[in-house]
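Below are two complexes that have chain A in common, paired first with chain B and then with chain C.
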Partner chain A sequence: MEKLIDILKDLRPDIDIECQSLVDDGILDSFDIVTLVGELVDTFSIEIGVEDIIPENFNSVDAIMALINSKA
Partner chain B sequence: MSLVSIEFIGFVIISLLLYYMIPKKYQWIMLLVSSISFYLIGGTTAILYLIFTTLTTYFAGRLLGKCNKEDKKYADIIKKKKRLIVLVTALLNFGILFFLKYWNPVADMINNTLQVEKISRLELILPLGLSFYIFQSIGYIIDVYRNKYDPERNVFKYTLFTSFFPQMVQGPISRFDSLGNELFSEHKFSWDNLKDGIQLLMLGYFKKLVIADRAAVVVNAAIGNYTEQSGSVLLVAMILYCIQLYCDFSGGIDVTRAVAKMFGITLVDNFKRPIFSTSLTDFWRRWHISLGSWMKDYLFFPMSMSKPFVKFGKFVRKHIPGKAGKILPVSMVTFIVYFVIGIWHGGSLKYIAFGFWNGILITTALLLEPFFIKVKQKLNITDKNKLFYIFQIVRTSIIVLIGRYITRAPRLLAVFDMARITFTNFNLSNVFDGTMMNFGITVTDYIVIIVGTMIMLIMEAIDEYGVGTKKILEKKKVIIQWILLMISILTITVFGICRGNYIASEFIYKQF
Partner chain C sequence: MKRVDRYETISALISKQIRKGVKTNNFLTENDLKIEIENNSLYYYEYDGGLLILRDRTTHYILNYYINDITKNIEKIFEKDVVVEIVSRPNNNDNEVIKYFEKQNFACCIERVRYAHTCDEIVDNDTADAIQLCKTNDAEKVYEILKENFDSYTGCIPTKERLIKDVENGNVYIYKDENIKGILHIDKSKISSEIKHLIVVENEREKGIATKLINKYFNEVNAKKKTVWTGKENNCARKFYEKCGYELDGYTSVVLKKKG
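Moving on, here comes the complex of A and B:
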């Protein structure tokens, strides 16, 4: 979880990690998501496909963590 | 049939009457009959293209649906099969689109470059709404490929999805999971829907007939003869073109959404007040939203997540440290997407240049973002600074205006000529010495354009920063709402440009 928060803070220093609507509120845009996916793939040695790119998977830190766990 | 014609209004009234008179379970059939009739009135040959796209994507969807339910043991084979289905269907449909849309412009380009007629021009007619319904249908099969939802089994219901008549002229490009539900469910007649629909319809006609078509007269006359204008006149004509384009396209979408609303159907919005964009990226999030969203979901993400790009991304991140290494691969995809959006508008060189213009600016801004953040910190500027906010809006407007020079110029080389004239022969006095009266409209018309644009901007500002015009209106008594509606109908009848010497022109985005 800490690794993920570090990646997110590096990507968007102004991010509120408690936020539950990162995508819906436009805090993470499509560009951020692809950059984030690149980081996740490297850091956690997982594969994320285009079908995983749905707002629900990126709306909160917990959701992103759940996605990582499902791919591990 | 034009969306701004009396025939269209008559067509909608008859369709609405029948739609609400018949049993609700048959409403979607009535919509299908209306949609096919609307299409047939425009010409009988064009419908063959619509049928082709409908049937190929329908059967592709059914096949993909079957694959989605097959045994997961054979996942690899199924995936290959599914990819092949999508590839063949997309190639067939985009092939038609490319052929009809780009054959003649490319032939012209080659013949003009070689100065001989190497490739013959063909008598091709672009069927109504071709690129909109093809994009919509391809989006559908990709969604089914991704198992986002089950394919539609009923071919007639699916045909309604591809042919729904209000969005045939210029979109928006809808998604099956939202539009399908709206189209196939039963709708009770509602005075609120009718009132909301008529209000939106009037707003659309106001933008189109009062502002856009009036501005078009000046724009066509001045830019059609751009070599004879001074820079200031060209600049005014180009600003008028920006106003015309926005009022024409967003007005058309208002009409589309309004008609759908009267049938109880909510369509996606295509605009979110682009005038208040703070960057070019923000502008593209607010302008033609359904195309941008289509490009994001079906081009940007698949390309960014494709194996070659993921590998490339890993390579770049390893060899280029810091932020640049992280964002370079995605920036490249972003550039490609904006380039594609550019050529979506047409096959001529100026649209390729327009794609480059947007792609290069947005990519550069992304790559230089860390630098801009540092500069802002040094200058002590925060995003909450109002002056900086206004600066961002003005800067974006200028960038968009330059982009419009590229698309409105008669051809690519004329862009440089027009820019040269704007900068080297400005001659501001020409705007006030009567030159502007030579373009076919009167002082009163200019006043109508200015006042009309101001009204629209005030309404947009209320929507952007305030509670919203619709909410304000809803708080008024019903009788006042209907009186305001009557006033707006009267305004359009008096000031609408389908009178006298002018003829309401076609929507600009119809050609795309």
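Moving on, here comes the complex of A and C:
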């Protein structure tokens, strides 16, 4: 979880990690998600497919963590 | 270059490319890719610098890329022209990728800017009874009008199959009395919405049809953020959107073309 939060803060220094609507509120855009996914693949040694890149998987720290865990 | 006949094939190829630092303009969803596969229009070319995904549009290919090594050149010679759009975020012009494609003999053909409309309160109810959701029996005519009025390479014209799906999903409005005089083609999700095409046919311009179409859109589509891309040099369109409350949001794009 801490690694993920570090990555998110690097990506968007002003990010509110409690936020439950990071994509819905436009805090993370498509470009952030592409960058984030690259970081996640590298950091957590997982594979992420196109079908995983949907807003629901990136709306909160918990959702992103759940995605990582499902790929581990 | 190979044609993709199964979604799993392209999904696996893309997964292999997604890693830290990859440069991509691929925001195609699983559904977008599946529609292309159904139509036999999706191809890929893998090289040691990355992966190219090509959507066949008869006269040309539209290119989506994953580039992991910009020192590697694309050696492939394509039998058709290839068009690629590189989008840059505000204050972050992706010059490195633009220069990479220029080195591969791509040349700039149009620059675009993006406008956003974030105002929740829409006060103008001036729309018209002639505006209706497009039905499938009008899809063919709508397709013809889009083809006549937008550039075949840079006008983001959907395939006929894609347009029919957009019609079925309620993403196409038309202004129609005896004939179709105006079209509003959109993309929408619960979060955001984008105007893909807004056109009034030539002899019906300057009668307020575009304004009525956009008012209908504002009144019916409830997305938090509404965006539209338009040509940087298209002053007429830019003035229209500004009048409708849109503001530049800093996103820009460059469309480059390589002769086949």
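One rule holds in what follows: the second predicted complex is superposed on the first by the 72 of 72 C-alpha atoms of A that agree within 3 Å, B and C clash if a C-alpha of one lies under 4 Å from a C-alpha of the other, contacts with A are read in each partner's own complex, and residues count from 1 in each chain.
The rule we apply is simple: a contact is a pair of C-beta atoms (placed from the backbone, for glycine too) under 8 Å apart; a residue touches a chain by one contact, two chains touch by 3 or more.
None of the values given here were measured: they were computed from a predicted structure.
S.K.: One more residue to check, A:39. First (chain B), second (chain C), both or neither?
M.R.: both
S.K.: Could you tell me if A:72 is touching chain B, chain C, both of them or neither one (first, second, both, neither)?
M.R.: Neither: A:72 stays clear of chain B and chain C.
S.K.: Please tell me which partner, chain B or chain C, touches more residues of chain A.
M.R.: More residues of chain A are touched by C.
S.K.: Just checking: does A:48 make contact with chain B only, chain C only, both, or neither of them? Give me first, second, both or neither.
M.R.: A:48: touches chain B and chain C.
S.K.: Quick check for you: in the superposed arrangement, does A:31 touch first (chain B), second (chain C), both or neither?
M.R.: A:31: touches chain B and chain C.
S.K.: For A:23 in the superposed arrangement: first (chain B), second (chain C), both or neither?
M.R.: A:23 contacts chain C only, not chain B.
S.K.: Can you list the residues of chain A that touch chain B in one structure and chain C in the other?
M.R.: Comparing the two interfaces on chain A, one with chain B and one with chain C, the shared residues are 30-31, 34, 37-39, 41-42, 48-51, 53.
S.K.: Across the complex, what residues on chain A touch chain B?
M.R.: Touching chain B from chain A are residues 11, 30-31, 34-35, 37-39, 41-42, 48-51, 53.
S.K.: Which stretch or stretches of chain A touch chain C in the complex?
M.R.: Chain A reaches chain C through residues 23-26, 29-31, 34, 37-39, 41-42, 47-51, 53-55.
S.K.: Of all residues in chain B, which touch chain A in the complex?
M.R.: Touch list, chain B to chain A: 146-147, 296, 300-302, 304-305, 310, 313-314, 317, 326-327, 329-330, 333-334, 366.
S.K.: Which residues, counting only chain C, touch chain A once they are in their complex?
M.R.: Residues 10-12, 14-15, 18-22, 24, 27-30, 33, 87, 89, 189-192, 224-225.
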